[in-house]
Amino acid sequence: MALLEVDAIDVHYGDFQAIYGLSITVDEGETLAVIGANGAGKSTLLKTIAGINRPRVGEVRFDGANISGLAAHRRVPLGISLTPEGRRIFPSLTLEENLLVGGHTKRPGYWNLTTVYETFPLLADRRSRLGVHASGGEQQATAIGRALMSNPRLLLLDEVSLGLAPIVVENIYAALPNISAQGTTVLVVEQDVNQALKVANRVHCLLEGRSVLEGKPAELSREQIASAYFGI
Amino acid sequence: GGGSINTDTSTAPTTSASTSASSTALAGTVKIGFVSPQTGPLAAFGESDTFVINYMNDYFAKNPIVIGGQNYGVQIIVKDAESDSAKAAKAAADLINNDGVDIVMAAGTPDIVNPVADACEANATPCITDNAPWQPYVLRGKDGIKSTFHWGYHFFWGLEDVAATFTDFWSQVPNNKKVGGLFPNDPDGQAWSANVPVIVKADGYTVTFPPLYPNLTQDFTAQISSFKKSNDEVLTGVPIPPDFTTFWKQAKQQGYNPKIASVGKALLFPSSVDALGDLGQNLSTEVWWHPSWPTTSSLTGITPQEFCDLFEATTGKHWTQPIGYVEAMFEVAVNALVTNGSTDKESLAKTLSALSTDTIVGKVAWSPTAGPTSPTPNVAKTPLAGGQWRLTNGGAHKYELVLTSNKVATSEGLNIPLGGKEEALPVK
Amino acid sequence: MSKSLAGAAVTQTVKVRRSTRSSYVGVAVFAIAIAALAIGPFAFLTKGNQQNLVTLFTYIILGTMWNLLAGYGGMVSIGQQAFIGIGAYGIVYAADNLGVGPIIAVPIAMVISGAIAYLVSFLAFRLSGGYFAIGTWVIAEVIKLVTTQITALGAGSGISLTAFAGAKPEIRIATVYWMALASVVVAVLVTYLLIRSRLGAGFTALRDDPTAAATLGVHVTRSKRVIWVAAAMGCGLAGALLAANTLRVQPDSVYSVQLTAAMIFIVVIGGIGTIEGPIVGAIVYFALEQYLSDLGAWYLVILGSVAIIMVLFLPQGLWGLLSGKGRIQLFPTGYRLISGPPIAEGSKES
Amino acid sequence: MEWANAIVQGVLLGGLYALLAAGLSLMFGVMRLVNLAHGALAIVAAYAGLVLVQKTGMPPFASIVIVVPLMAILGWVLQRTLLNTALNRQALAPILVTFGLAVIIQNLLLELFTADNQSIDVGSLASSSIQITPDIAIGVFPLITFIVGVLVIGLLQQYLARTATGRAMRATSDDREAAELMGIDNKYVYSLATAISLGLVGIAGVFLGIRTQFNPTFGDATLIFAFEAVIIGGLGSLWGTLAGGMILGIAQTVGAQAFPSSGVLLGHVVFLLVLAFRPTGLFPKVVNG
Amino acid sequence: MTTTPLLSVRGLSKQFGRVITAEDLTFDVHQGEALGIVGPNGAGKSTLLNLIGGVIEPDSGSLMFDGQDITRLGAAERAKSGIGRSFQIPRPFTGMTVFENVYVGASFAGDTRGQAGYERSYQALETTGLLHLAEHRAGQLRLLDRKRLELARALATKPKLILLDEIAGGLTEREIPQLVETIRQLVASGVTVVWIEHIVHALVSAVDRLMCLAEGRILAIGDPSEVMKSPEVIEVYLGSTMATAEDI
């Protein structure tokens, strides 16, 4: 059964419509990659699932229940967790406190400080550093760890590899199967199509707020993806 | 524009001056401007003002005044000074130049009185003020140079009277003649500290006072130490009520127990004394006016006792001293207008300079020949007495003001009955 | 992103517009209004009107100065009363103690305000944000307390301005009125020209992000100091007018934090970050005061409520509303890029 | 000995400042909300205590038990109605809104209670003291104030630093939307913080009402000292606030001992000196945004 | 490419509390070259740019730029002497339009005012593909456009040396080559470039030399392909399966 069903949603910023009648389903345990050019509406989609944006039309269902009207903070206890674009680390908290805030809802599960530090040894060394002082990459790693701390059923990752050293990106993507193995469903937005194709079970390509291509990586050709990506 | 104050605290059915019963017979309306601190830290003075203004409005509504053989209504226009001297000056100028008042009045601390008087000088309008000792009124140029007035007429007692009253208190309770002075750095504190110590010296009292502190100081340890060190058995000063409370409680805590404490300003309003709890017992203060004053209003005929009763009945609060003085300003104003026979400002000012009125607070006379000595032109002196706050133990009010000194008033020809003898402060 | 970097490719066709049609209308309207106001005392303004206008002009100056500080300099000060007070004492000192005559005393008062502001800036500029706000308030308290220790200035009692003593009320009031009119014109114009100049762009940059502004060549501290001193001089000017209008200077009054509160109310009501906003705000604030102040405590309750409502529901202020969210600009300060060479294809896509 | 006494009294005064500043420290230091209504709200609490004591005859200290929850509810309501919206607006909005609030409160109090000076009567406790040396006596009431101040600060510090809710408060003040994404209900967290803050104002207000006489406009006088205590201490650090209160208190009393006319002035000067050398306060915990 | 060092960094050190972010850094940047900087997250790359740009002061060491000792100069003076930079986390002036943002750079550090300044700003916007947004409020820009604005502002200052901090992050695979081309043209026009980037294939294709920083120290510096092959660099930075330039 689908864990997440996004059903024909329209999302607006004021007068501007960013998403048009988009539908997406993600099955439990699956890893879905959403790709698309700049401004395609990827982040908007994730924010709508997390509850920061509300669809004007359509529904978002999680585990069968319509959550379209639910406030963002009420979705976290259900198991939805977003690593937002631009990291949004709490600057006046230490990195460890940032992680602890991530565990605010106290959902039980595999992830805790120890397991996060195992996955991101980079953070273990710098746990007492203030968020504001952390380098871009340290912030990114913290943002992912923070999202994991809520032991989500559905993890939404928005361009997590942005600004990370190649070795860290590699580690994160190496950790993804591990995350999935905990039963976590992952929806990843990625600029680096190759990365996305490597980790995803399924790919969705967005173009100007609409879904233009969907399928399993193996079944899609480069040309298909390129044309969907740029709308050529 | 301003408006006359009409609130439901007045005694009779309220009617504004302009719609009074006898308005058909009126030849015109005299406008009196009144600058009053209705809001802000000095609002306690404003409350007395409001009571008296309502009372006068009722009176004038029924009793037009006769100027030059014709009936005139009186309109009182009140402006809020917001307890701020710049606003007070602005209000006075506004009353003169926008509302076209014939006379301006103000009362209640030099902070209000001085700027209003300045504004009237500059805008050529007669100005009657009181409720501030005459020294801060007169000595306010740079370096305490005397100001000269053409339009301003002030009546009140002076610091020499306070000093005489206080020494009269002190002579009634044995002490070592060492006095501690608690003076703030404000117009009152400046004037008191410059005058009182010098005057009481003649009677053998030495006043030591630390340099003037700013109002709303949170801790008085330094002052207390100084008083303790010089073993001042007498305390005097002119702090604002919150500062006196802070000081007095700290003094008790830190073991400073003078035999007698005679303090101005902080003990003026009964509410401030009530708020001291039992610590207010036997604190003494100068008394400007009291129900027992053997006077009547030259305008309405009311006696001090009746006037205080009316205040208590109307407001439900303990009577206060400023109400007599505010009423007296109206007596003076009306007398001046009637004597002058016109509202012409220039001649009105001249009339004031020779005017003598037997008011509810005693004789007010600017003429150098009439009444108690006028220390300087444009200032008339009024009688002063002194009293002590005593717990009533279950009376109508927590404290009662008992008159214990009438020396100054008597010397000025007003015979005020004493209520008792000055007592020492309770030993803790 | 592949357009050539060679400078020669761009020709003189790049056009930037700095004034708008509404601004020409604005200039005309203002010029006429000022001319009319200047002859007012001879024609149609009573003494009372003139005094009221002095108050209004003072409010406009105060609002303009706080807007300069906060709206353009990003410095939220709640201690501007320091400079108002210095200006007020300055005019009394210069006119009465130095005997220079009130009209010369005004610029002297301004210079004193500016000089003290310059010195104070070395301390104040170490602080930022909320610290700066509270720090300026404390500095103002210090200046007040120091003033109350100076006997030549009347210490805690205050002092009266006697330079006008003996002057006929008509003459005095008209003199102060013209002084105020000239002051408000100069204050608004200088502020406008400052904001419109290249420095102005630097100020706005600075307010939004000091670090980024510095890396683009804006001297952060130097620019902030220019604003700070200019605003202090403006406040000193307002203080001098206040003293000339009320004739009595009392420390608790001229150093009252309520004055800064009034400045803030004016800017909030009118709208922050435009030249027009504080003017509109001052007019509204003045009108509220005129018509409601007889209500005593209730007037202040209403004023407080108006401020809250404005902040919460009309953050751009009345001018933001009147100008159609900035479409009408009487005092434009921006740079509108209106034309250039045909846009190359590669650069259009994003 | 006079100097020793000045220091002792300064410490006690510092306790009062710290007590007054505790709620402010929470709102200013944690929520970045410069609450200019703090002083006025303390006076509201003082009047609440006064009315309770006068109307029911309950002992003054017992009135705190009722005043604190009342103030907390008021805080909750204020946050839900005005302050939350203010925090969503431009950076200036909270300063302006709380300033407007202060003006409104003062004048409503004036209408309700008149300008009369009032005080909450604690009888002989107000004047009793403990003699330490012949020259040094510690007032019982100032001592109680001091102890309560230290306790309040200590508990609040522990709460903020150690509990998840405290952490959530700090996170929310950094980035509301991101906190929302962590499952934190920012409205709840802020309302709670304001409620706690006003509850503390409640305690401070009653103590202020006992200590001296107050009237509707009295709050402003102490507001600046409370702010100074918070800032000297450094944002977000409650212990810093306590230290700040002490430094200020001692600066004022010792300053007054040396120059009796300038105690308050010297307190301000010390405040400015601290900031000249430590522009972010002595123990900043929070990034000054 | 000449061999005159435009910028010489000598013994530069910076420590935040116990965190050493620059330790005795010594290297030259030559006139007209493009120097790439890579290194693990938190290695001190952005800090190094901040030190060169004058946003933070070094604990010790010195900086010579264009024959002048700039160690004691503030950020604004350095900008005026010809050092332009972009910030990793964009810092637009949110209250100004995009055009005005750029004009600040042109008129202050670039010292070209009026018409010349407008033209310079126009050109910078065109180069970075922001022209169509010129009249938009900078606060309303999306992340990517904010990054472009960083570059545009820096270009408008007419820099001799431009410091770029991760400007390619978030670009699509198609946009990256365009950016690389822009940088190449920049270098060709005589501007010296120091460029931090984690998208290694983009960086390598544009720079003449590559420096790898780790824990505030220089791990390797030299020919890009040499540096990339260095085992230490692979160990701390690149990892085993380095994603190479593999365009769609």
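Chains here go by letter, A, B, C, D and E, matching the order in which they are written, and residues are numbered from 1 within each.
In the analysis below, a residue touches a chain if its C-beta (ideal position, glycine included) is under 8 Å from a C-beta of that chain, and two chains touch if they have at least 3 such contacts.
Predicted model only: the values in this text are computed from it and were never measured.
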| Reaching chain B from chain A through chains that touch each other, fewest steps | 2
| Can you list every chain that touches chain D and also touches chain E? | A, C
| query | Counting C-beta pairs in contact, which comes out ahead: A-E or C-D? | reply | C-D
| At what distance in angstrom does the C-alpha mean of chain C lie from that of chain B? | 40
| chain A to chain C: how many Å between their CA centres? | 49
| request: Starting from the mean Cα coordinates of chain A and chain D, work out the distance between those two points in Å. | output: 43
| note | chain B and chain E have mean C-alpha positions lying a whole-number Å distance apart equal to 75
| said: Give the residues of chain D touching no fewer than two other chains, as numbers and ranges. | reply: 107, 110, 261-262, 264-265, 289
| Where in chain E do residues touch two or more other chains at once? | 144, 175
| Do you know which chain C residues sit against two or more other chains? | 145, 149, 297, 300, 350
| task | Please list, in label order, each pair of chains that touches. | result | A-D, A-E, B-C, B-D, C-D, C-E
| What part of chain D is in contact with chain B in the complex they form? | 2, 5-6, 9-10, 13, 16, 107, 110, 114-119, 121-124, 126-129, 131, 137-142, 211-218, 221-222, 225, 249, 252-253, 256-257, 259-265
| query | In the complex formed with chain C, which residues of chain B make contact? | reply | 1-3, 38-39, 78-80, 84-87, 89-90, 93-94, 96-99, 110-111, 114-115, 118-119, 121-124, 136, 140-143, 147, 184-187, 189-191, 212, 214-215
| chain A partner contacts - residues on chain E that touch it in the complex | 16, 19, 38-43, 46, 88-89, 142-144, 166, 169-175, 198, 200, 236-243, 246, 248
| In the complex with chain E, residue positions of chain A that touch it | 37-39, 85-86, 122, 126, 129, 133-138, 140-141, 159, 162-171, 191-195, 222, 225-226, 229-230
| For chain B, which residues are in contact with chain D within the complex? | 39-44, 46-47, 83, 185, 210-214, 216-219, 221-223, 225-226, 229, 241-242, 245-246, 249-250, 252-255, 269, 271-272, 275-279, 317, 428
